[in-house]
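First subunit A sits with subunit B, and in the next complex the same chain sits with subunit C.
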Partner chain A sequence: MTEVIRDEEGRFVVELEGEIDLERAPALRKTLLDCVRRGRDVLVDLSRVTYIDSSGIASLVEALQDAGKSETRFGLIAISPEVMRVFELARLDKVFTIHPDLGSALEAGA
Partner chain B sequence: MTAQASQLTSAQEPAAVSPAAPVIRVEGLQAFYGAQQVLFDVDLTVMPGEIMVVMGGSGSGKSTLLRHLVGLSRPAAGRVELLGLDITRARSMEMLALRRKIGVAFQGGALFSSMNVLDNIMLPLREHARLDRKTMEIMARLKLEVVNLAGADALMPSELSGGMLKRAAVARAIIMDPTLLFFDEPSAGLDPTVSSALDDLILKLREAMNMTMVVVTHELESAFKIADRITILDQGRILLVDDVAGVRRSDNPRIQNLLNRRSEETEVDAQAYLQRLTGETPTPPAATNETPEAS
Partner chain C sequence: MNLPKGERLLELRFPAQANRMALVRQTVRSAARFCGFDEPDTRDIVLAVGEACQNVILHAYAESDEGDVVLGILRDGDRIVVRVTDYGPAVDPTVFKPRDLRDLRPGGLGTHFIRELMDTADFGPAPDGLGNVLQMTKKTKSQEREGGRL
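Here is the complex of A and B:
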């Protein structure tokens, strides 16, 4: 997994790539919580993620919870159908704001 | 159709499975309890994403087969390969790595009575992963959501119904997102409604997580609902491996008996029976040191 963090109109966009598993999840958790705790809105681009396991999803959930506490927004972009099936299994599609692409997310003011 | 022929046909034309290498390959598996042979030259192949149901009457060897598939028993002869690793020859580090990819939902739940549900479910993570406790708790609660046990995290196993125990066992079995999931009699002791819901859960898990599953059961209705293929064991030998339609149309009288739930006179090996009664046991070809269990 590689991570790229960039500034997009005042919000962090975290671009993830590859597989997110038990080995990678701790680093992802740290990255996401660091971004959220800096008080900015966060968008996580999952378009190049080929696999994400429960530990990666748990990191997203924890970051979402922290964002809620600090009243910043936390959204996901471009979830693949495979990952979406796992989200739907745990009904996480009802919890996260999920945008089809970055343009839609920016347009929606996320 | 013979078991061998049926299995070859199914292996060449698998239903709804990828052309990738088998997830499970069993060749020539033999097992004994003391002097008594309980598995005879069992061959079995399970393909990625497939749900293989193993059926058979009491004493057919299905639980023994499961114990060998999950590495709890060592075969007297033969080979058991999981995810490309021959577990009969694997080193302990290889087995440790393999166990991260395998989940087992035991018949009785096998939860620790002194731990609440959440701690029980997190147990494999604490053994195999280095994660923040908060991450592990969220993972465990996600699995409780998946198995429809949301909010049960603080309950003790003694406070759970039979169906809830089974679901908690499934939650623990899938906590590591296994590639391969084994179920031992998931429907045993459950009423039809709860049993059917568990079948739905098995299918849902396969669809969402693309797991390969082996389900040992004696519940026909459940088997026909969830199976891609069914292996029927009889007195330690594979009688048939086929899809549901193939099993239904089999004219083998022993399979028909199983399907129609007719009791059947078990063939008696007079010599072995006499030896059991008198306590005289012949020297086995290669014996395990296990205790017998119900199949």
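Here is the complex of A and C:
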């Protein structure tokens, strides 16, 4: 898994690529929490993520909860059908704010 | 736990370390395709087995920090049978249950995924009394259709 962090109109966009599993999840957790704790809104682009398991989901849930505490927004964009299935299995597809693409997320003010 | 005989496809023994998981997933993916599963079912099997191995890495060897996992894959008629064995301390089988998903918190989803994605999942002591076994099975859709025609 690789990750790129961009500044997009004052918010962090974290672009992830590849497989997010137990090996990669600790680094992802740290990246996301670092972004959230800087007090900015965060969007995570999952369009190039091909696999995610419960450890990756856990990192996203923790960041979402941290964002809630600091009253910043935390959203997901461009989830592939394969990864969406995992969110649906975890009943998290309605818990996260999920945008079809970056443009929609920015339009929505996310 | 009923251990079916089945046709042995492969057995893989590997250290219970997170950096082995990509290799394990590739092996499971190949085995599921070999058994005739379509891509969505293959992805489900890969995720379920990944979660099972992850449970071993996180829990079975939590105290010793090292140990092996043995992944056995069999074909039993129209089913794939996957056994994940560890050699850690015996675990109470009742802990192998999914958590309440309404409780939003990180972690604890692996068992839920396994139960949702596989047809059966049984956890118990290894037959030789050393360690624990999680045995999962899943039927192929094509075989189900074929079975329906017979």
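Following the convention adopted for this analysis, the second predicted complex is superposed on the first by the 110 of 110 C-alpha atoms of A that agree within 3 Å, B and C clash if a C-alpha of one lies under 4 Å from a C-alpha of the other, contacts with A are read in each partner's own complex, and residues count from 1 in each chain.
Please note the rule applied: contacts are C-beta pairs under 8 Å (C-beta built on N, C-alpha and C of every residue); 3 or more make two chains touch, one makes a residue touch a chain.
In this text, all values refer to a predicted model and were calculated from it rather than measured experimentally.
With the two structures aligned on subunit A, subunit B clashes with subunit C. In the superposed model, A:53 lies in contact with both subunit B and subunit C.
In the superposition on chain A, A:27 makes contact with neither subunit B nor subunit C. Once the two complexes are laid over each other on the shared chain, residue contacts for A:108 go to neither subunit B nor subunit C. Contacts of A:5 after superposition: neither subunit B nor subunit C is touched.
When both complexes are aligned on chain A, the segment of subunit B among 189-197, 207-215, 261-269 or 279-287 whose C-alpha atoms clash with subunit C is 207-215. Once both structures are placed on chain A, subunit A residues 22, 53-55, 57-59, 61-62, 82, 85-86, 89-91 are touched by subunit B and, in the other complex, by subunit C. Put simply, subunit B touches subunit A in their complex at residues 100, 128-132, 134-136, 138-139, 142-143, 145-146, 175-177, 204-205, 207-210. For subunit C in complex with subunit A, the residues that touch the partner chain are 18-19, 21-22, 25, 40, 43, 46-47, 50-51, 54, 57-58, 101, 104-110, 112-113, 116-117. Listed in rising order, the residues of subunit A touching subunit C in the complex are 19, 21-23, 51, 53-55, 57-59, 61-62, 65, 82, 85-86, 89-91, 95. The touching residues of subunit A, when paired with subunit B in their complex, are 22, 25-26, 29, 53-55, 57-59, 61-62, 82, 85-86, 88-92.
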